[in-house]
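Both complexes shown next keep chain A, but they swap its partner, so chain B is in the first and chain C is in the second.
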Partner chain A sequence: MTYLTDVAALTRKDLRVELRARDTLPAMLLFVLSTLVVFHFALPEGTGDDAAYGLLWVAIVFTALLGLARAWVPEHEHGVLDGLVLAPSDRSAIWLGKTLATLAFLVAAQVVALPAFVVFFAPLDLTALAGVLLADIGICAVGSLMAAMAASSRSREVLLPLLVLPLAIPLIVGGVGAAISPEGERYLLLLALYDGIFAVLSWASFEYVVTE
Partner chain B sequence: MSTSLIRTLPGLAALAAGLMGLAIVLALIVAPEDADQGISQRIFYIHVPIALTAYFCFGLGAWKALLLLWRGDERYDLESYVAIHQGTIFGALTLITGSIWARASWDVWWTWSSNQLVLFLVLFLFYCAYFMLRFSLEEGARRARSSAVYALFGVVLIPISFLAIRLAEDFIHPTVFTREGPQMTGTMFATFCVSWAALTLLAYVLYRVELAGKRLDADLRELREVLL
Partner chain C sequence: MIRARDLEKRYGRRRVLVSVDIAVPASGFAVVTGPNGSGKTTLLRVLAGLAAPTRGVLEVNADRAQLGYLAHEPLVYRELTALENLELFGRLYRVSERRERIGMLLERFGLWDARNERVSTYSRGMTQRLALCRTLLHDPALILLDEPYSALDQEGVELLDRELEALAGSRTLVVATHDPHRLAQLATTTIALA
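Right after this comes the complex of A and B.
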């Protein structure tokens, strides 16, 4: 039970910091909307909806990367991470708290971005939305671990996309498949499988990347 | 590494060279010509064993990474890194030989319809990022563990990516080319096995040579620090 309390406290801390500083969410929102506008000009007339769905996924992944790049910055700037690692709680709780907070930001950005996508480009059905949610979980789970690794390196902002993009390819396949394939459920299964495996792996390995 | 292990290296290297020579002779001269693809099919005896060797190296790297996290012994860090380094070299060779084969049989340098080739491109990018990660972290226990975690993600990514790429075929485009030719004859299979053994041994020798060199380098640096 204490584990869940720790996770809740850590998530609340991140949400409160964001509420006061407003560093991440406005940036993600503005970024995803600007990207959608750029896509309008990048897509020639008559390209069709499928291309728009593909680009939506590019926008989602890059918005998530933007959020993830900021995820550990407060911890590093004020030396909070050392304190968290020394705290008498399971270290994986730090990862889970960060993942949930990043997921909350990403979903909040999409609450604005997805309706905008529907208005600008093409409709999204229920399977596509389920795909977005499942892929969000996967990218935040893997991404917050990778961001923790990148944050302790010399080239953190440059490194994060390089680490995450090859790992995100199955998510993009799943997300695009769920949006455009008539058998979208198969892609949801792929996404769920990905989430399960990589969430457990990230959860189990987080301790190793933050301890000295 | 103990000196007796280093002493076996020249013998192993000679064996690997001999086997490679035999494999080339078998692949180019002894194995029968493929009725369908002609001479270009002979690259199969090099391309597929190289790809399998690359998987083997990535697996070895992940295994050593797991041992590092499990036992906390620093020497596994270098072993994991060297295995992945060899795997990336063989992965790059897979891409090159695959591209040559695609050019010879389908008249294109690259095709997205060959799942294995696409998978290798993803893996190649992934393992290049491994080196970026490794070289931008401060040397020490933390770098060793972060690299190990990333290496473990790699072997999990292989089956998931393969599954994803198979599924993506449906909406990207259906398979046009297949490699399912007629079944291999006995000589073809024997050639394939010899070539596979040769390349695996070659990778192992390279792994050991690089490891010995890196260890010597580290020892030398330590000595210099003690002396100066």
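Right after this comes the complex of A and C.
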């Protein structure tokens, strides 16, 4: 129970910081919308829906990367991460709080982006939407850990995509599969499995990432 | 409370701490001195458990809940107010009667009137006072202070002097400073780093 209270306090803190600084969410919204607009004009007429679903995933993954690149900036600005790490609470709560906050930003960006996708390109059924949500969870879980690893590096903008993109490939495969395959549910299962495994791995290894 | 023998810390090939021996008893007051780059900050980070020593034996008889650490950086969120920062850390440190404790510290360090202002609007001195509040929030048994007087005005310096006098003898303190003479009367141990 105390663990969940800590996670809630840390997530609330991240949402409050973003509400005031407005560093992450506006950038994510602007990026995802402008990407969809560019794709709309870049795709030749008569291109099938399948290509459009692929482009949606390009937009989603890079929007998530944008959010993840900013995720640990408040902690590094005043060395706050050291303060959080020294607190007697379970250190994985810091990761979980950050994952939930990043997930909230990504979902908020998609609340605007997905209707725009439907207007510009193709419809999204329930399976496709479930695929987006499950992939969001996976990319935020793994991405928060990788972003914490990259955050202390001077070349974090380069390092983060290098760390996250290879790990995001199963999510892209699962997400696109859920949208275009007649057996979309199987891809949802793949995404759920990925989320479960990588969330547990990230949760368990976070402590070793933030301590020397 | 703290015992270290032949402590060494390397970053790559660079040796930051070289063969440091420390013995600070419970309720002792250790002053860490040395020129810039002698490893004072690194030593405090090692004692806090934020960095692992490369070699040597280190015993610190305090867990994270009993440790208060004031770093070079204030370790507070710029976009949160003083009150919100202390609320967050008070929750993570399981401080009982949190509101009362936070109010008392903010009053004591002269930040009560600015408690609802964001830290980003604070001067460096005010931020340092807030960092001291965060360090002492959970009434730690072992207090590590890295240059605690930096950025404080005269009033802040006197306030910190009084605070350290009150803590000396009842808490274990390790203070890294460029001005060891200021703490000469309180110090029971001096750790000189070369």
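Everything below uses one rule, namely that the second predicted complex is superposed on the first by the 212 of 212 C-alpha atoms of A that agree within 3 Å, B and C clash if a C-alpha of one lies under 4 Å from a C-alpha of the other, contacts with A are read in each partner's own complex, and residues count from 1 in each chain.
The working rule: a residue touches a chain if its C-beta (ideal position, glycine included) is under 8 Å from a C-beta of that chain, and two chains touch if they have at least 3 such contacts.
All values reported here derive from a predicted model rather than from experimental measurement.
In this superposed model built on chain A, chain B and chain C occupy separate space and fit side by side. Shared-chain residue A:S152: touches chain B; no touch with chain C.
Between the C-alpha centres of chain B and chain C, as viewed from that of chain A, the superposed structures give an angle of 90°, to the nearest 10. When the shared chain is aligned, no partner comes close enough to touch A:F39: not chain B, not chain C. In the superposition on chain A, A:P88 makes contact with chain C only, not with chain B.
Touch criterion met: A:I180 reaches chain B, while chain C stays clear of it. Once the two complexes are overlaid on the shared chain, A:E212 sits against chain B and chain C alike.
Of the two partner chains placed by superposition, A:W57 touches none, neither chain B nor chain C. Looking at the shared chain after the overlay, A:D6 reaches chain C, while chain B stays out of its contact range.
By the touch criterion defined above, A:F117 reaches neither chain B nor chain C. Here chain B and chain C are compared by how many residues of chain A each touches, and B touches more. Judged by the touch definition given at the top, the superposed model places A:H78 against chain C, while chain B stays out of reach. The superposed three-chain arrangement places the nearest Cα atoms of chain B and chain C 5 Å from each other.
When the two complexes are laid over each other on chain A, chain A has residues 211-212 in contact with both chain B and chain C. Contacts from chain A toward chain B in the complex involve residues 50, 142, 145, 149-150, 152-155, 159, 162-163, 165-167, 169-170, 173-174, 176-177, 180-181, 183, 186-187, 190, 193-194, 197-198, 201, 205, 208-209, 211-212. Of all the residues in chain B, the ones that touch chain A in their complex are 69, 122-123, 125-126, 128-129, 132-133, 136-137, 141-142, 145-146, 148-150, 152-153, 156-157, 160-161, 163-165, 167-168, 170-171.
Chain A meets chain C in the complex at residues 2, 5-6, 9-10, 13, 16-17, 20-21, 74, 77-80, 82-89, 211-212.
Chain C meets chain A in the complex at residues 48-52, 63-65, 67, 69, 71-80, 84, 88-89, 91-94, 118-119, 134.
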